[in-house]
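See the structures that follow.
Across the two complexes that follow, chain A remains constant while its partner is chain B and subsequently chain C.
Presenting the complex of A and B:
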């Protein structure tokens, strides 16, 4: 019975020219956005590979020079693009894509793609994820608002129930049929996406299918929520016009109002420091110690005294190595502690904001979906943090190798010491190990749980709405 | 059969159906006559279980509508003033869908046959219902009653707006169903059809059944005169 109702609903939807037109538009948007994103990602990947090769060439061919000078010459490392960025670009356009690694300074990721964009970006960026988050729910609303209210108006509801069909069977059949209609509509886009992903090569592709599975589950749950709610509202309202008004309001609250509201409220309640303040705090930490009572000069003087005592010497010139190199290593260690403390705090705060957004999904499922989607696509802040931490670790290793060379090979006061290509080649090319899949699931957990809660609530509402299905208003 | 015992329904202060006692036997066509708002459609809705009675009971072939509305509905067919169908489906597709919902899935050849028995040609059966006249829709309704093998048939102004030929054709089908043992309750304004088709006629006014006549009782009388006298009484 339920399957028969679902089948009729499915056939009826596809015979409706208005639905076919809307579906074609959505499908074209999905495919075009996917293909354009693929093109952008491929271009960015190509540029990154070319820039990485050029950086390596420049590094190796920089000529002989003091290893400390080479530390200041520095290298740029580039953030690889997740293959799933084709689907959801997440925060990628708004965070840096490369970090300049040099001695003494921990630079933040720079070159935001959004900086290169035109003012048209104000209208938002179309991606397959945005189309699924905003346009497909709208299509579901337009498809489902009359599912039962329309049948009531046309008289077919009376006809159906007079045959002994239970309201619950009817409501579930309607929801199932509409769900199948949307699933079939999205199949070609999913096929194209799977094809593009299958072609994704390189280490970034690790765990790709597990991530894609997470995306498929999250989006299926989200769209199922809309189908269930739309049918429930249609069952509970007297006219299809009322159902449409209520459903469009829900859509607007979820897709337009909630994201802006959540962003503002969460930014107010969990603020991040301004850039100038943050850098001043960092500088203060380096110069005065994390507790503010351990000035850098005193620390370095203590360090010199302890080192001389350890080697039984009274002058740094008598040490069996270049003390200046050791001081640089120590300075890097101190700066590293400050970096870990301040950036750790900042990143924890940003991740707390992200979690709060996912939890705000309790009020609007799109927020939970967005959070899960970016996490699975590898374009959320957790993945960006992984890149920033890996780049900093690479910088520390890079500076350590150079400082140790200075310490062990340059005589004190010998400013003519120069290292060469043999040392430069010891420094490896930066390769970002992809964040393990279980970490991506961990980052998506809050969003996924909120979506699961919504799905249960929506199915409960659907079930409950069957009891409210009335043919005659008495 | 269809049976009402002291069936009463109120809408706030207004009594829509007042202690209605009615028994329609298999093979009988009962025409319920009355002006607008007299309680005809409410009676039909009470038999369908779309309304809950304030007191009394409605039964379809022994099944209490209030106790098990789904089981009661399974035993009857309902044809409203305008049979509601899906315009993007053909006549035969509509019949297929509705008869499946009624628990009587049938082969397509059978469905065409049922539509043909109801007066719908094969060509018409294959056309989308969006192009159907009212008479054609009523024929699909009759075919549905045949398909579900209903023991009772509820009709709400079934011939309203039909042209004389379509109305005559509809009556012919109705009499055929009655001959097959179906108990039929027809709420109508159509005095001519009531006189032609009904084995009994009841006049309902302000929810009360004020008069009942058998076919033989009104054989040589002017039904219109009787009806108008009852209304003005």
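Presenting the complex of A and C:
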């Protein structure tokens, strides 16, 4: 019986010209956004590859110079784009695309793509993810608001129930039919997406399918929540007009109001530090030690004393290596601790804010979905942090090799010492290992859990509303 | 007038309407508070930067009172170029959370990529955007207006009372338009009140025109949505159908068209590649570095008046010559870069009339002083200021002239000059006329659709 009702609902939906129009629009938007995003992501990647190649050339051809000067010359590394950014670009336009790696300093990723675009960016991006997050739920609402309230209004509900159809069968059948309608609408789009992914996926794209699976699950749950809620509301209201008003309000709160409201409220209680304070504290940490009682000068003096004692010498000139080089290594190590502490604190705070927004998804499921979606697509802050941390590791390794060269090969006091291309070639090109799938699921966890909770609650509401289905609602 | 008063009274006895008005007032208040706090933060960080600059200038002045200084002791220290807080920050956060309002400028980094000091911000927050007054006015105001006015006669048609009403001898368009106005007026009064309130939250003087224009933009934008409500009611056979149609139009204008325009702009004039610009400027620097000595001697050949005794270049003059060369190589690349971004914005300016939401948002951020153009003017002035810094120090280095007390008065100082009033007024007025034209178009279509003959058919 349920299947019969579902089939009838399914056929009805597809016969409705307005639904077909809406569905066609959504499909066209999905397709257009997918194709354009693919083009944009490919262009961005091409530009970064070209820049990486040019930077490598700059690095190798910098000429002979002191190896520590080469550390100051530094190198720019560029953030690779995630293959799934085609689906959801997430925060990509709002994070830096390159980091300058140099001696003594940990720089932040600079050059946000959104800074080099018009203010139109702030209206939001046309991506498949946004279409699924905002437009498809609206389509579901418009499709479902009259499902039961309309039958009640026109008097057919009484007739159906008098035929011996159980309310639960009717409500579940309607929900199932609507769900199938949406699924049939979206399956071709998902198929196209999977095809594009399969073509784009290189050998290094391990875990891509596990990520795509996570996306499919999250979006299915989100849309199912909307189907269940819409039918439940339609079952419980007197007129289809009331059902529509309630559902449109829910949609607007969820899709339009919640993202900005949640982000503003959460940042009020978990503020991001000010740039000036952040920099001052970092500077202070470098000069005075993390606890503020261990000045850099004293540490380096102690270091000199200990080193001389270890080698049984009294003058640094008598050491079997260039002491300046060793001091550079030591001061990088000291500074590294301070950078790790302060950047770690900043990034932890940003991730805490993001997690709080995902958890605010308890009030608006889109917040949870967006968080999960960006995590699976590899375009959330966890992935950006992974890039920043990897770049910093690369910097430390790169500076270490240069300083060790100074230490071992430059005679003390020889200011004309110069290393050359042979050394520059020893330093590898930066390559970002993709964040393991396991970590992507970790980043998505809060969002996925909240969505699962919503799904259970929405299905529960659906059952409950079915149990209370009345021919006439007071 | 009597019809209007009657409709207004009818409207205000509905409890749902009071709920709508209360909700709207609440969101407006929250939007203002949020925008104002962003404005206060901008003020605080501007004050800090000004204090820092003042302090440094004082130190230099005092040092110069005592003795002459080697310019190297002063030139390396970055000067902060500051974009003062926007004239109406509480109206719209705009691009101010994304684009830096401060830039550190030092002689030795003139040709390095710009060092904008944007505040630390969670990128997800930039993605979401702020819940500011402009958001409430551009995104939510239409929703509240449509909630108040989506059912102008569709419900009457559904229940059959439309015939009765029309039998009273009132022409449908007149009745519907007055009804729309009656239902929209309380919402619009709140919106205009909010704009005026936001206008008081500034220390800037002479912002009256900005406030007035912002209020006009809001009213005209509101009228557009009321005209849409009237138009929808000319077609819809039921209140639910009217709500569906009105909601879909909102989605089209506020969600879909702006993002489509964004995509079109990006495809026609792709944002230039920062990555390549960075790598190219390093390549130019390396090239110039290799020819450093040659550059310096040819420079002295061209500028014998700047050559030190014996034509011996030292480290600093060599560095300057190299930097100048990098600038010569990179200027055309940077100009192309700036040009393509300008092209994007021109396209947006042209196509903003595709949706009144875009036009209204552009106008409000422009009036607030947090939009594209004010930041662009800042960037242009920063570029010009780099030239000033260069021209001030360069001869002193080449001629090895020390800085003396007499130099204090001609020290390079950055002072942002606000854009010419007539320019933003022209942009905003054009936007306003565009929105008004769209509103008039919707109203004419509605009047046509609501002619007695059409309605009878």
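Assorted remarks:
Methods note: the second predicted complex is superposed on the first by the 467 of 474 C-alpha atoms of A that agree within 3 Å, B and C clash if a C-alpha of one lies under 4 Å from a C-alpha of the other, contacts with A are read in each partner's own complex, and residues count from 1 in each chain.
In this text, a contact is a pair of C-beta atoms (placed from the backbone, for glycine too) under 8 Å apart; a residue touches a chain by one contact, two chains touch by 3 or more.
Bear in mind the structure is a predicted one, so any value in this text is a computation, not a measurement.
Comparing chain B with chain C, more residues of chain A are touched by C.
Looking at the shared chain after the overlay, A:16 reaches chain B, while chain C stays out of its contact range. Looking at the shared chain after the overlay, A:272 reaches chain C, while chain B stays out of its contact range. Contacts of A:61 after superposition: chain C is touched, whereas chain B is not reached. Contact with chain B, but none with chain C, is seen for A:160 once the two complexes are overlaid on the shared chain.
In the superposition on chain A, A:4 makes contact with chain B only, not with chain C. Of the residues of chain A, not a single one touches chain B in one of the two structures and chain C in the other. Taken together, the chain A residues at the contact with chain C in this complex read 18, 22, 29, 32-33, 36, 39-40, 43, 47-48, 50-52, 54-55, 57-58, 61-63, 76, 78, 90-91, 93-95, 97-98, 110-126, 130, 134-135, 138, 142, 145-146, 240-241, 244-245, 248, 252, 256-257, 259-264, 267, 272-276, 278, 346, 350, 353-354, 357, 380-381, 384. Put simply, chain B touches chain A in their complex at residues 11, 45, 48, 50-52, 70-71, 73-74, 76-78, 80, 82-86, 88-89, 97-98, 100-103, 148, 154.
Those residues of chain C that touch chain A in the complex are listed here as 27, 34, 45, 48, 94-95, 98-99, 113, 116-131, 135, 139-140, 143, 147, 155, 238-240, 243-244, 247-248, 251, 255-256, 258-263, 265-267, 270-276, 278-280, 282-283, 286, 289-290, 341, 344-345, 348, 357-358, 361-362, 365, 371-372. Put simply, chain A touches chain B in their complex at residues 1, 4-5, 8, 11-12, 15-16, 154-156, 158-166, 470-472, 474.
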